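Which chain is which? They are A, B, C, D and E, in the order written, and residues in each are numbered from 1.
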Amino acid sequence: MNLSELLIELLLMPLVAFVIGLGMVLMMRKIAARLGRRIGPPLLQPIYDIIKLYGKRTQISHGLIHEIGIIMAVGGYVAAETLLPVPGMNGLADKGGVITLAYVMMIPSLGMALGVGQCANPNGSIGISRALTAMLAYDIPFILVIFGAAYVYGTTNLADIIAIQQQQGVSGWGLMQMPLLALAGMLALPAVMGKQPFEIYIAPAEIATGPMVEMSGKFMGGLFVMQCFQLYTAGVLYTTLFLGGGAYWITFLPKIYAVVAIPMAAAMLFPRYRTEDVIRLMWKWPVLVGLMGLAVAMK
Amino acid sequence: MQRFTSALFLLGLGVLIAAIFRNMDLAASTPIVGDAINAAAAQQVGAANFVTSVVLGYRGFDTLMELTILFTAATAGGLVLGKPRGDARPDPEAGLVLRAGADLFFPLLLVVGLYIILHGHLTPGGGFQGGVILAVAFFLPLLARPGTPMSHRAVSLIEGLAGASFIVIGLLAMPEGQAFLTPLLDKGQLGSLLSAGSLPLLYIAVGLKVGSELAGLLAQLAATEASD
Amino acid sequence: MDTIIILYTGAFGLIFIGIAGIVLSRHLVRIIFAIGLLEAGANLLLLLATWRDGASAPIIVGGRVPALMADPVPQALVLTAIVIGVGILALALSLALRVQHAWGTLDMRAIRLRLEEEIDDAAGIEPPTSADAPAPRPTAPATREGGA
Amino acid sequence: MNELVLMVALPLLTAFLLPVIDRLSSLAARWIGPLVLLLTAIIGLSAWSQTGSGAITIELGNFRPPLGIDLYVDQLALLFALAVTLGTLLLWPAEGEQRLRQSTLALLLAGSGSGLALSGDLFNIYVLYELIAVVSYGLAASRGTAAGQAATLRYLIVSAFGAALALAGIALVYQATGTLNLAQLAQLAPTQLNNGQGLAAFVLMLVGFGVKAELFPVNTWVPEVYATAPARVAGLLAGVVSKLALLIIVRLLILLFPQPEALTVMLVLGILGVLTGELAAWRARDFNRMLAFSSIGQLGIMFIAFSIPGKAGVFAGLAVALHHLVVKPALFLLAQRWGGSLEHLAGVAKGSPLAAALFILLALSLIGVPPLPGFWAKLLVMIHLLEQQSSLYALGAWIIMAGAALEANYLFRVASSFYRREAAATPPAAHRTGDLAGASLLGAALAAAVFLIVPLADRIEAMAGQAADRDHYIQTVNPEPLP
Amino acid sequence: MTPLDQLLLLSALTVVVPLFTGNRRITGPLATLLYTGQGLLLLRMAGLGYGSETPVSSAVSLQVLGLELHWRFDALSWFFALITIGAGLLSSWFASGEWAQRYRDSGSSLRLFHAALALNVFTMLVLLASGELLSLFIGWELVSWASFLMMSLGSNTALRYAMRYVTYAFAGAMAVLMGLVLVYTRTGSFEFQAFRDAVPSMDADTVWLLFGLFAAGFGVKMALLPFHLWQAKAYAETPGPGAAFLGAISSRMGLFAMIVVLVQIIGVARLVELPVPFTFLSGRDLLAWVAVFTIIFPTFTALRQHDARRLLAWHGIGQGGYMLLGILIADDLGSAGGLMHVFNHATYQAVLFMSVTAVIHRTGTSDLNKLGGLVARMPLSFLAMLIGIIGLAGLPPMNGFVSKWLVYRALILEGSPLLFLGAVIGTLGTILSVYKLIHNTFLGQLRLEHVDIEEAPSSMLWPMMILSTVVFVTGYFPGLVLDWIASVQAAVGLPVLAHHLGGVHIDKGGLDMIWVVSVLLAGFGVGALVFLSGNRSKRVHQLDNYAGGHFLTADTRYQYSDNFYPGLMHLIGPWYRKSFRWLEGGFVSTVDTVSQLMQGLYRHTHPAFYLLAVVVFALSWVMGGD
């Protein structure tokens, strides 16, 4: 592969991710609406939202870090997408690998935390505290799962992982090879995506006072974009590790949408968890299952 | 409890002593050095009393140290007891018998003491024994007449000079290349008063030293006892 | 042979009694005298070390040399040892006298307690106190005012 | 070589004459003591080089040993004679109204100490030991407080008890051999003392002489006396006198009792000494008693070291002993003003920075921090202990290590309190120039030893080799063969 | 005079010079200059770092007690020396300007500070140069006491913890001494080579004993569990630049010694053969677990600190665990990670301590409850801290990520999920903790009393900026450091890591930081473009804040800093049981009780009793033989 092709890939990958992510956001809202016996937003609603947010007249900035935080939040995911191979595009998969990806995925959180911190809103600080705590909660099972997968496949290169699974067909999928780890990953996934019922850190119910109140206009827009990437990344990563990744977009897209939709739909049935409960939950079942899975996988 | 444990240990000690005693080979002991001295002393030292030869000749160094111990004890005693308090009330004077006896015995003891010292190299006795008698001679009046002070100056002078002279006699041999405490002077006729070289001189120094030390010590104790 | 056993028994007996006196007594003067006893025992042991039955004193009287003379060395040694003992005894008694004057007691236990107190006092150390410490033990009788 | 006797005779002569001299001129009486000691030290030093090739004997009274008493001058003996002389000079304990008597006692200490180091006759050693004991009683009680006298009396009782037992031990030796000369005893020992009686005699002498060498458990007097005696006296007792007693025990071990049982007894008692001493020191609340307990621990190390058979043990023990000989007196010189409770020493570094720095230097060396001499000494001990391949010796090594760790803790607890920001309510007075100068001198010697460690080690090794050589001793003294 | 001798000589000179120049202003710059000189001399030996030169030995050697002492520099020493001198140089620079002025005005001795710093550097160089076990021990002790000197320059608290350090360190040193004397009695020599030759013939018990003694002894300095209690407060209370220096390199000396003895001499392979009784673990696993617990516990202790310096110091302990863990994996990746983390940690930890010190310099406090909102006042200090915390947390693009990645990768290859999990838990805890640090210092509400403060003086900023650059650049181009690491690995006898400028290339998933960082930067660029595509924002004043519709006046404290993670603490709070403190306290009170007993022993009413007793015991023992 020559450099120009790679550069094109690197440009394309985030773009693709963004588009698919928009679709996921839309799907989420549809599912939520359907569960609530509403119709839900129209197809282009996410795009309208973004345009609206970026175009707002009142945009309050609390300082440079506030802005940089948002930039980091988006930029981190943009970079992350280049590490995540999709059908036809391997990007930087061989230069980063799954560990790097996991750590790059923490940069947006840090950026958001910095930005919110600069706002000097006490609720913002509380929100960050909750978000980081939640990260500590779900990352432990998540990392276990990543370790297990990397160990079983014998590589951290996601492109290789996909190739290995593709070679053996459905029976070679991670899901078949290590069902317990896949289950643990599935349990942790909603928390990784930061959606219901694990979204206490943005305190949606207390919107008037919550951390989001400092995020006006394009700041909120940045977070919205980040959310698209977040859903996409989680979905693709899980698919790559356990569902054979994608050789063709045709099979790949349904997989990633399903990965996002199924657990979210199930999770929405649960009431929102408090921070302590997130930890308790995440450190109990997913970790237990994950450890068992590891034990089985490593014999 | 403590006494009980001590008693137990004592019991153990008793058994051990018995064991040591039983294991001792009593017959095996041969005074190899003693016999050699008995054989050689008359000629090497020239004193008829071989014990004296040992005390002042062969083991003169021991004797010097022993004198030093007495001196040290007296000095340390003085340090401990300190100066008797000035306001001390003297003991009442002794009765007639004691006073008369003291007066009577003083010259007698003096003479006996000196005799014993001077004949130390010939007969049993010597500086130590004689010195003790001298000390008693001087201490007796103190008992009889508690008020009369003993001359500390004189005592310490005698004490110092007597001790020093012992060492000086010992050192005298050294300029001639001889060892410390080598007997000096002519050995003389075995058994006569003026024999055994410098031994009698040493014994005089010992006698004076012992006498003055003991007298001094006793006087000091008495003074302290009286002062409280 | 019997004589020597009796003599040795005496020497060891003196040593034993001396030691018993030292460890079983609490009064200092008794202890000091017990030490004297012990020294006497040790001296006797020294004398007996090369004791021979029937030997005469190692003195030549009138030029006549005895056939079997006793060992003169232990005699000289014992002479020295006795004088040393006297010196130490005198010093011990002087010390005991001072202690008796100062503290009014010669009991080992009382002296030990008092000694500790005084050392702590002089060093400026507060005695350790604790809420659940046992009641203070009786110390030496106070003699500072009633000594004279 | 005869003039070496002057190291004994001159101080004694001066001591005898001191009251007379004082009568004539009190100024002369004040200065003559130190001057005489200086003179004797020079005499000793001038003889130093002659002892390098081999030891010498001095036959006192011109009587051939074993009939007479001889002085055995090897480098070890001469070194200790010098140490006691110079130590007394440095820690000259005369002050106050009893100055004259204290000077007398100090001179006697120097003289008798030299004699003890040089003596080659068993009974003479006993006499000198008693002499030095009496001197130390006098010095220990010289502060004149009732507590001091009571402590001295308790000391005296144990010491006299022990000495009497040692005498009994000597009697047992004499009974078995009929001689008192160490060289001849060394000749006879393999046949006549290698039995129960011999070992019993050794135990009695070990315990007897051990009292002054702070041997566990006959060292209960140590904390009491060091806390009540003048600090300089305590420095002398801990630094010099204890080593002399140890020297005797070592001589006995080498010449008379090379049996493993004898070594084991010493080893066990040494281990217990380290253990009890360091642990007790850990909790000490005043400076003097802390030093006292630490000195017990250090002496325990020496006992352990000397219990290693052969030259190695002598070398190791000697290294520790010499190191302690320099450090402890210096610490006690500092204790002259810092004698009280440790709490009063908080923040004292501000007022006396030099003393605080000295304390740290000494403490560092004491616990064995490289490259200070204390480290090399400890290293030697450790190496030779573990080379024995015996679990008891290895235990000794472990205990020494643990003891050092404890010692580091309590010494530096004190040291760091010196640098506390808020000072104590009643800080101790500043040191007198004399004390500080003495301590600095010793500290400087210690620091200099860091750079001279190579030649020093060689010297000490040679010294140890000479001292541990039984045959050399016998040949040098060459006792007249008797039937 | 070899270059090594020149280096040591100059280093010794650096100790002496401050003693003469004293409290004058010139002392700091002069010392900095001398450190630069040392650095240049070190660079003369740069061949060591690139594996193109054989070890440089010193012309000085000593023969004491028949034991030979000599010194030399190899790649390992060179690598550590580079960090040491670098840390010394920048700390001394940091301490040259206004900080020195303030320090002197507060009545402290600048002379002593600079001398202590230089002494630390000098003793470390001596340790690093040690050529056999004995000089290793001597250097070890010198380093210990030099750092004690540095620590005791601080407050009373520092003194107290320095005291604790002395106790631990000396006990550890005794363990080491015991170990090397054991080696000596087995081999008759202190030479590394003799020891190495003797290891194969030693039985398992001996190796266990040596392993235990050396690991415990060196572990004290590294503050491995359970010997970690002394470090945090002692370092934290050390005067600012000193804390930066100590935090950067001091503890790593323990790691150096451990590498020399456990890896280079005994060899990890031998440790793997040592079974822990009654378990399926090996000696190496045991130590690896100690390392992991050293990562986890101190990190979560750091999370609870509310003093910036203590927080950092606790993290310093935790990061040490990664290094040890990496080295114990002993393959090319893991050991490279461990070694590289030494360098990386030194750089970001120094930056962080310096940044906190700058904050203290301006505000007078490091209490996180009393700070906040300083970002607008001290933007460059903020930047330094930001770079530092990203490094500390081990996130890309800073260098901390690379070393941790190597360790993780090695753990995956080796298949140790639990060790891996432990290491990750540590990282996550670190992220939480460092965010709290930067949030409570630079973000959030500005306090009124800090409204007028200025950026830190340039003498402080320069070192911080240089170090920050290093943190970033070595993250971008880790090959720069990995070159040295590879020669270290070759010198130590570990498998050598094949690497390139951007990282490592392995078939099973490598790392190329140049690409990763580039896309990250590009991502930020894209993010910025996206951001700028929106409507213009309006910057409001820092004190213009609302919450819940109410204007938050600046005189109302609402900064949310104490108990920053209530949810987490609610859950894991009860797990903080101060068990180690309890353990230590229990040990101390045992010693106290025994000590009391011993004193009682010496207080016997009738001492003659003992005499009798010992005579009876000894007599019955010696007579029993007959």
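Just so we're on the same page, a residue touches a chain if its C-beta (ideal position, glycine included) is under 8 Å from a C-beta of that chain, and two chains touch if they have at least 3 such contacts.
Only a predicted model underlies this, so the values are computations on that prediction, with no experimental measurement involved.
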| item | value |
| --- | --- |
| Other chains in touch with both subunit B and subunit C | D, E |
| Chains touching both subunit B and subunit D, listed by label | C, E |
| Which of D-E and A-E has more C-beta contact pairs | A-E |
| Distance between the centres, which are taken as Cα means, of subunit D and subunit A, whole angstrom | 78 |
| Averaged-CA centre spacing for the pair subunit E and subunit D, given as whole angstrom | 45 |
| Centre-to-centre distance between subunit E and subunit C (centres being mean Cα positions), rounded to whole Å | 63 |
| Centroid distance [mean C-alpha coordinates] between subunit D and subunit C, Å | 25 |
| In subunit A, residues with contacts to at least two other chains | none |
| Set of subunit C residues in contact with two or more other chains | 15, 19, 22-23, 31, 49-50, 71, 73-74, 77, 80, 84, 87-88, 91, 95, 98, 112 |
| Residues within subunit B bordering two or more other chains | 6, 9-10, 13, 16, 19-20, 23-24, 29-31, 33-35, 37, 58-59, 62, 66, 69, 72-73, 76-77, 80 |
| Pairs of chains, among all present, that meet the touch criterion | A-E, B-C, B-D, B-E, C-D, C-E, D-E |
| Subunit D-facing residues of subunit E, complex | 62-65, 137-138, 141-142, 145, 152, 155-156, 159-160, 162-163, 166-167, 170-171, 174-175, 177-178, 181-182, 184-185, 591-592, 594-599, 601-604, 607-608, 610-611, 613-615, 618-619, 621-623, 625-626 |
| Contacting residues of subunit D [partner subunit E, same complex] | 154, 157-158, 161-162, 165, 195-196, 199-200, 202-204, 206-207, 211, 216-223, 261-262, 265, 269, 275-276, 279-280, 282-284, 293, 364, 367, 369-371, 375-376, 378-380, 382-383, 386-387, 389, 397-398, 401-402, 404-406, 408-409, 412-413, 416, 419-422, 453-454, 457, 461 |
| Touching residues on subunit D, where the partner in the complex is subunit B | 2-3, 5, 9, 12-13, 15-20, 23, 58-63, 66-69, 98, 101-102, 104-105, 108, 111-112, 115, 123-124, 127-128, 130-131, 134-135, 137-139, 141-142, 144, 149, 152, 172, 175-181, 184, 192, 195-197, 200, 480, 482-483 |
| In the complex, subunit C residues that touch subunit E | 19, 22-23, 26, 31, 108-109, 112, 116 |
| Interface residues, subunit C side, partner subunit D - complex | 15, 18-19, 22, 28, 31-32, 35, 38-39, 41-43, 45-46, 48-50, 71, 73-74, 77, 80-81, 84, 87-88, 91-92, 95-96, 98-99, 102-103, 111-112, 114-115, 118-120, 122-125 |
